[in-house]
Each structure stands twice: as structure tokens, then as C-alpha cells.
Amino acid sequence: MSQTTNQRLSVKLPGLNLKNPIMPASGCFAFGDNRYAEMFDLNELGAIIIKAATLEPRVGNPMPRIAEVPGGVLNAVGLQNPGVEVILKEKLPQLKAKYPNLPVIANVAGTQEADYVETARRLSDSGMVDALELNISCPNVKHGGMQFGTDPASAQALTAAVKKVSSIPVYVKLSPNVTDIVAIAQAVAAGGADGLSMINTLLGMRLDLKTRQPVLANGTGGLSGPAIKPVAVRMIYQVSQKVDLPIIAMGGVSSAADVLEMFLAGASAVAIGTAIFHDPLVFPNVIADLPSKMTEFGIDNLSDLIKEVRSRRNEN
Amino acid sequence: MSQTTNQRLSVKLPGLNLKNPIMPASGCFAFGDNRYAEMFDLNELGAIIIKAATLEPRVGNPMPRIAEVPGGVLNAVGLQNPGVEVILKEKLPQLKAKYPNLPVIANVAGTQEADYVETARRLSDSGMVDALELNISCPNVKHGGMQFGTDPASAQALTAAVKKVSSIPVYVKLSPNVTDIVAIAQAVAAGGADGLSMINTLLGMRLDLKTRQPVLANGTGGLSGPAIKPVAVRMIYQVSQKVDLPIIAMGGVSSAADVLEMFLAGASAVAIGTAIFHDPLVFPNVIADLPSKMTEFGIDNLSDLIKEVRSRRNEN
Amino acid sequence: MPSVRNFSLVKQERLTEDVFQMELKTTESLSEYQPGRFVMVEIPNGLQQLRRPLAIAAVDLLTGCISLIYRVVGQGTEQLAKLVVGAKVNLLGALGNGFNIQNFQVGDQVLLVGGGTGLPPLMYLAQTLGQQGCLVTTMVGFRTKAQIFGTQVFEQAGQLQLATDDGSAGKLGNVGTLLNAWKMNNCRHVFACGPLGLLKAVQQRFASQSVPVDLSLESRMGCGMGVCAGCMVSVNGGTLNQHICQEGPIFSAAEVQL
Amino acid sequence: MPSVRNFSLVKQERLTEDVFQMELKTTESLSEYQPGRFVMVEIPNGLQQLRRPLAIAAVDLLTGCISLIYRVVGQGTEQLAKLVVGAKVNLLGALGNGFNIQNFQVGDQVLLVGGGTGLPPLMYLAQTLGQQGCLVTTMVGFRTKAQIFGTQVFEQAGQLQLATDDGSAGKLGNVGTLLNAWKMNNCRHVFACGPLGLLKAVQQRFASQSVPVDLSLESRMGCGMGVCAGCMVSVNGGTLNQHICQEGPIFSAAEVQL
């Protein structure tokens, strides 16, 4: 392999020229303003996806919001965030000041089409964001966009409305809590999405034998971590066979091998969420491990792998 | 506690007077004709759910059919079974001869309504089965009934058709791979189901980095084991709040504590599948542990717990 | 800057039926391991996705050891209790704000109030304040005599007031009983750590007093690093606006809403 | 009747770079641990939901020990290789049909053919047949000299024919080379275990001969107990009609479809 690491790891997606495909998943790295960021250089990342932004500030759900389950984590944070204004005035400028070259993807959430659109417009216009990730899949708030994520027509309409006001590419983040993920993906493609982001959390619950009540104050929560990886791989595989959009893959990734499995499923980039809670250095570790894992499995570079996997699909 | 263990553990469901609520899940104990059955007395079980029966014999999917994933197992057995005729002539008579007092639930699968109905009729007429479990949720065969499990109208029609020919209670086994589990449950209730069985496996996939192909010959497979427990608990909880039918709960149960969590979610009985692969004595172990776990959490007897949980739901 | 490193277990001791003390050794600097701060402990079998927060109960700079004292309450702490000497234990730390004790002087009177698994951070605090020459009074409540641990540290650091629910040791009653009986003379600062009920009692007891009161809070934690928003608390009239793991775990009783 | 019990690890030895031998001790009966049968090993960290099938490589009734010889190929075997003496290893066994060798007599000529991780069951078989007075010839292939293990057992039990792909030990070539060169004189039975290619070569080599040939098959296994239908194979013209774990792992080459 005479290629440099950069040549081997770099990937191109709409709006995103990434030196490597690895990024923190939304909600698992705040706005880069967290203590993990003291432990390694964020410039090592391919990009960062920041916590959901809503039009107004949200205080989120009552506590407890987080619980452990076998192979995974349940969370019901409920889109807590300071609102798009504070994000534009404080969070993003701080992030850009510290890491001017780090591509930024902003996760956008809302209740109705109007506030999605307005939040997206402001983020797009700010010039501080490289792409939007439309969160139509938050299971943890009554009106968290899940209604958009489970109905193809609404998903398509919302995507189209956001596309209209956005000058940067729009990735739509899909919910796995649906009967037919391909139908939703096709709908957002028809709505003009530039890419997909999948998957958000599976809706789950844990009950406390002592209180006989749900462990989470919200009742249900979103399941993330290794437990959901097989579902993520299956959905990404299914969608990549039918829909031509690039996919930012996530769901239970915690190693370079997991990253490659996502690429084989059809990913063009990979986000990591829950794994950082266990391994604070998961980002530098995975990025460092990738080249040798690729060599082990005969993978020259990721761009070619993406093409190979995509062309294999089209034959089917 | 002056109650006998039997009084504390016994549960009553349509067609099933069980001395305890614990039974093997379909496909994880064959027809009782397996080597686990040499290791403990099947008379200890509350009941047994036998492997899916189809009208004609099925050879199932090509190998490999089974793979491990974090916290779970993927299988794509594909309803391999000798067909209802052999089951009636050999499997059930052998089972009844050995364990005349063990309640038997027969899992029924098919491709079209007609073969479901015919298989159900024959099993019902045989006099060797106490209840049917209508499998409208097998993810592992092209025509495994999943189409019935994901569409409320088809689910209702199939349930009604099977009810018409069955003189024994009919439990309908639901697929978790749906957007709205409550809608499916309500539909099968409207179709006349006597009870529900939930959940079947989540549709998942694992890819092999060496071959770059799915590990399972079938491509996708059904995810079972601890990884799916939070999804099972959530769905059972949601359904039990809206639908008055008793639920046989399953999905990742491996301990007495898990059993109680299922009861708190809304179960009236509990099946165990994947856990036996790890712990061959999981059935006698869980049954033996139940009374002390119940005492630890202030639960006198399961029948009262079922009533308590159900009444709490109705208040919501 | 938090670091993540393997410590080696040099001592595992059972203090009561369900409370254990681990001594963990490192060759690296412990300068950030200050009283009131905590670590996120990796549960070593690889099953648990989340680390567990435990307070730093003691630091010995000479030997390069820290102590963690924990009650076995669930799967994570059960695993910790199984570890034997020589095992590697991975800690992320030190985290949180810690007790603000930089400006304390010789002779300052300080009151510590604690119970249950709130004692470990107070043990380290008492030791530090005692070494700084403060006059440390500690009020501690236990359910019964058999559950007592850690009291020597408080006796060495100053004066100990003990209560048990069943009167089997110390006064009959709980920390509330001790608080009510207490006469405050020139107390410069109050620190409390323990169950919610205890914290509320302390908050209330001193609500109308001018003495500053700091409470160390507990919460389930996802990350311990200010990311997951799993540990929020309402401070200064806001709603769930601060992270117990980052702005805390120590909050001013006058500002925090329990 | 299969039993599930804890054995204690009394020896863990590295045979080649990635092949290990575990010696496991029990106080209970080993009468069911016959050549060709296997155990389902629990992976001790609690992460893996499935046990792993491993052939019984040796049994010492005097010490109550069995040997398992395994190549580290994935997460499960990696965990096994980490175990140290004194560890508890939970085995479900003995499973499968085993080699049918009850009617062999002193002087019977038997051919064993093996490669890779197919050798462990043949080691136990060779030893047993040797003790029964049979004349045991074993053909074994390895990729290279560094990968050789287990050959002493075959030498002690009879005659060893060795090949390596690179000629670094024994004949240059593979088991196929040895098979082609071999002259069959009064061979009473052939047993083979190894990769699919080897089994197919053996099946083909003796297809038109009257000598009975038994093949020991491998498969991913879910349960090992005839339940999950994860290990089916086509026998006697049927389609996936027998369980490798239950009716096998040993099948007649004349009946099984590879």
C-alpha cells in the first residue's frame, strides 16, 4: 500500500470532504464543548455532528433520563438544548474558533414543519455549518419529529420544505421504529434529501422491580449501543440497495471492524455515539486502527470500497 | 408467605391452566425431542410451545443459519419443520406419551391464509394441543407470514379465519418490526384472538469482513436474546395498556428478574428462547428462583400481580 | 484534563456486609484527584456499556494510591467486588468540581454531614481539612451498628457525632437528630453528602443561616463528562440547567433545587 | 445424558502461534467423553450468548482431566486463551455420536486423515485405537512446519505420514498428495476430520472402494443439542435433514452430502 493514510481514509459526501469517515453522533458529543474534547484533538475527527437544535430552548425530560440495558443504553434526554439562537451565538462560534477546519453537521429537530424550516434556515444561513442532519426520528419527545419519521408522505414534505430554505446539503436521519425503512428512505429521497443518516435509537423500556415503574421518568427511551448494530446494518443494507443517496451510518459502532462492517452494508461515513461513554478515546483509537484493519481485509481505500459496495448492490 | 409455591406461581390464561408461567419459546426447544429434555424433567415447565408447524414439510434456509452478535443471536432457520402431518403422527404423540400433563401450545406458520387455516384446523382437531400460537411474524422466509404481521387488516382477517376452524384458544404472535404494534394488536383482537404472544425476533444482519457478504446465507436474520429485551418490554407495555388480551411475553428473558419485569410490563406468562443455548438449565433455574425473587420484591403471587398491573394500566 | 488509565488493584477489603474498599495504584500524577471529585470506573467484564461514578475516598501521594469505597447495589458494583489483587481497573478521572476548600485556614470550624455511600468523599475531605488545621466536626448516621464504616477517619480529623436508627451505636436517631441538637458556634462552612433526604434536611436546617453550605449530589450518570445530559439538576432558578458531573457534583445549598 | 458442569483449568499451553491446549479437571464421571464427541464451552466473560463447540482431544481417567485443543480464530477462542490456571470453565457435554469403534480388534488396520483444527478428535481416536491394538496410520497436513502440533500422539499410536504445503517438514504437498501416494492394504476403516476440502478429497478418494469411511463435520452451532436447526446437513439423499450436533458430527462418507 503506497497510499497515504489520508488517501486511504478520505471520503466525499455532499457538502463534506472528510479526511476520514469518523464523527461523533448527535447528542453524544454536545457541541464539542465537553470534557472528552480535552482528551484528544478534535481536528483528528472527520467531522462532528452536534446536539439537536430546536427553534426554542428545550429543558428536556425529567430525570432519570438514562439507564443501562444488556449491550446497550436507554436514554430519554428529550432534545434538551439551548435553542438555535444560543447555538448560533455561542456554541457554533466557540466550536469554529477552536477548530476552524472541522466540518460541522448540525442536527435539526422540531415539532412542526414551520419550526424545522426556520431552524434549518438559520443554521444554513450562518455559514458555520457544512450540512444539516434533519432529525425526524427522536423517540423521546411527544412531538420530536417521530411522526415525520414514520410516515413517508410527511417525511417527504418536510424534507422538501427544509431543502427549499437550505443552501447546504440536507441529510435526513431515519428512525428504525418503522415497518418499512426503504419506503421512508425513498420518500425523503423524493423530497430532495442529499443524504441519509441512519439509524436513530430503537424505542425501548426498562422497568424497575423495586418501584414497579419504568426506570426512565419518561417511560420509554431510545436504545443505542452494540445491541442495535444488527438492526442498523440490516436497514443500511436494505436502503443502500434501493436508494442512491450516501448514508452516514450509526448504531452500536465501537471499533474499526464495526466501521468496516457499516461500509460493507452501504455506508459512506460512520458516526459513533454510545461507545464513547465506555471508551473516552474511542475516536482516536478507531481512527488509528482503521488503516491496519483495512489492510487485514484487503481494503485499499474507503472511496473505492464505497463504489464497490454500491455497484454490487445495483447488480442485485 | 403461607402460600404454596404452586399457589404463588400458577397463572390462568385462555385454555391454559399453568402451574407456573414459564415455557420454552417456539423454535428453541424443538418438539420436546431434544437433548435438553434429558437434563431436567419437562413436567417442571408451565407449558411448552413447539416449533412452527406448516402444512407441508419445509427444509428451511441454506446454511449458515445462525450467528452471534453483541448481546444476542441472529437466526435464519426459516421454519424448517417436518410438516403438520408428521407432527400429528409422530412428534405430538411422542410428547403426549412422555408428558401427558404438560400443556402444549402449537406454533402455526404458513404462506397463505388457506394453509394457515388448514394447519390450525388439524392441530386443533387433534386433541393433543391446548392452544395455538399463530406465527404471523417470521422474518426468515419470503412468505413466512410477515406480511400478515405488518398489516393490521391482513392480521385481523387471518386471525378471524383461523378462529373459525379452531376449537382451542388462538394466541397471535406479533412481529416487532412494525411502526405501530398497538394497531396490529388491536386488529388481531378485533379478529377474535384469545391472547397475544410477543415478541418475535427483530430483523437484523451481520456482515463478514472476510467474505464481505452477510454471515447468514439468507442475508438477514431474526435477532433474539438480551439485546431485544428493552424493545419487548416496551411493546408489551404499550399493548397491555390498550388491548385487554393476555400476553405470553418473550424476548431476551434469562432470569427470574427478567420474568418479573415482563409481568410488570403486562405479561400473563413468559417464554424463554435463546437463553437456553447459554444456560441449558435455564428452565429449572428460573422456576426455582422465581419464588424468592418474588418475595424480594414483595410479590405474593403472580395472579394478583397480573391483576394489579392490568388495573394500573386502565387508570392511565 | 481528565485522563483514562489502568490502575492496579493492590487491596480489596470488605468494610461491612456490602461495603468494600479498593486501593488502586498508579505511577502517574494524582494531582487532579482532589476531595469531592470522582472517577468513572469501567466495569471490567465488558458487559456494561456505562462506567460507574465513584467518589475519591482517599489519596496517598507517597504510594500513588487512591481509595474507592463502594456499596454493592447492582450489577456493576457486584463485578467490582469480585476483583482480586493484581486486577487492572480502568478509571476515567478526576471529574467534577470538587469541594472548594482553598481558602480555609488553621482553626476554621467546619461541619461535615454524611450518610451511606455519601461518606467516601467526606472521608477524603475530613482528612484534607484536618491536615490543613481546620476543626472538623462530622455528623454521621447509619441504620445500625453493623453498617458503620469510615468513622476512624472522622475521629482522627476532629470530632465525630454518630447516630444509628436503632441506637445500637452512638445516639438513637439519625443525622436530623444530631443536626437539631447541634449548636452552631462560628461554623465557617458546612459540607454534606448522602441520600436525598439527608441533603434536604441539611439544606433546610441552614436555610435561614448565613453559613455557606455545599451539598455533594448523586445521580445516575451516562458519561460523567458533560455530554449525555443524563445528570441535570436545577440551579439558580433554572430548570435542569446544570450537569451534576461537570458543574457539580458539589453545589451551593442556597442555589440548588433538590 | 449431557451434563453441564464447571471444570477447573489445570493447564493452559501454547502449541503453536495460535493453537492452545487446555487441560480441564473434574471430579465427576468422564465415561461419556468418548472419541469423536464434543463439548459446548461457555465463554467465560458473559458477553457471548452462544457456547462454542470443541472436540475432545484427550481424556485421562486417572486424573479426571480432559484436553481441548483450539485455534484462536475469533472472540470466543480469544477469551479462552486468556484463561489462567485455576479458572472455572463450564462445559456442556459430552455431545454428538462419536466414532463408532466398538468392534475393532487387535491388528485391524485403520487410516486417519486430518488437518487443522480437525486434528484434536483424531488425536483422541488414535490414542484409543492404538490402545485397542489397531494398526493406525495417520495422514496429516499443515501449511508450514511452525504450525505443526499433535504429531507425537499419532506417532505413538502407529505410523505418521506428514505433509506441509511448503515442504518445510515431511512431504511437500498436502493430504491429497499423501492420499494419492498411499497403497491401501487391508484397511478396515478410514476416519477423517478437517477442512471441507480435505473431507471432500477423502470422500472422493474412497468413493469407489468398499472400505467404510467416516467423516467428522464442523458447523457453526447454536445449541449443540438438536434444537436450533443451525447445524443441518443433507444425509442419505434428504435435504438438510440431520443435525451435525446430534446425529453427527460423524457421518458415513457414503451417505453425507458435503
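Per-chain numbering from 1; labels A, B, C and D assigned in written order.
In the analysis below, a residue touches a chain if its C-beta (ideal position, glycine included) is under 8 Å from a C-beta of that chain, and two chains touch if they have at least 3 such contacts.
Since this is a predicted model, take the numbers as computed values, not measurements.
With centres defined by CA atoms alone, the chain at the far end from chain C is D. Chain B and chain C have Cα centroids separated by 47 Å. One finds 37 Å separating the Cα centroids of chain B and chain D. Across the assembly, chain A contributes 70-72, 226 as residues in contact with two or more other chains.
Among the residues of chain D, those in touch with two or more other chains are 47. Chain contacts in this assembly form a single closed ring in which each chain touches exactly two others.
Remark: the chains found to touch one another pair up as A-B, A-C, B-D, C-D. Residues of chain A touching chain B in their complex: 69-72, 74, 150, 177-180, 202-207, 209-210, 212, 214, 219-220, 223, 226-231, 233-234, 237, 252, 257, 260-261, 264-265, 297, 309. Chain A meets chain C in the complex at residues 27-30, 33-36, 38-39, 59-60, 62-68, 70-73, 75, 77, 80, 225-226, 274, 276-281.
On chain D, the positions that touch chain C within their shared complex are 45-47. Remark: chain D residues 1-4, 42, 47-51, 92, 95, 219-223, 225-232, 239-241, 246 touch chain B in the complex.
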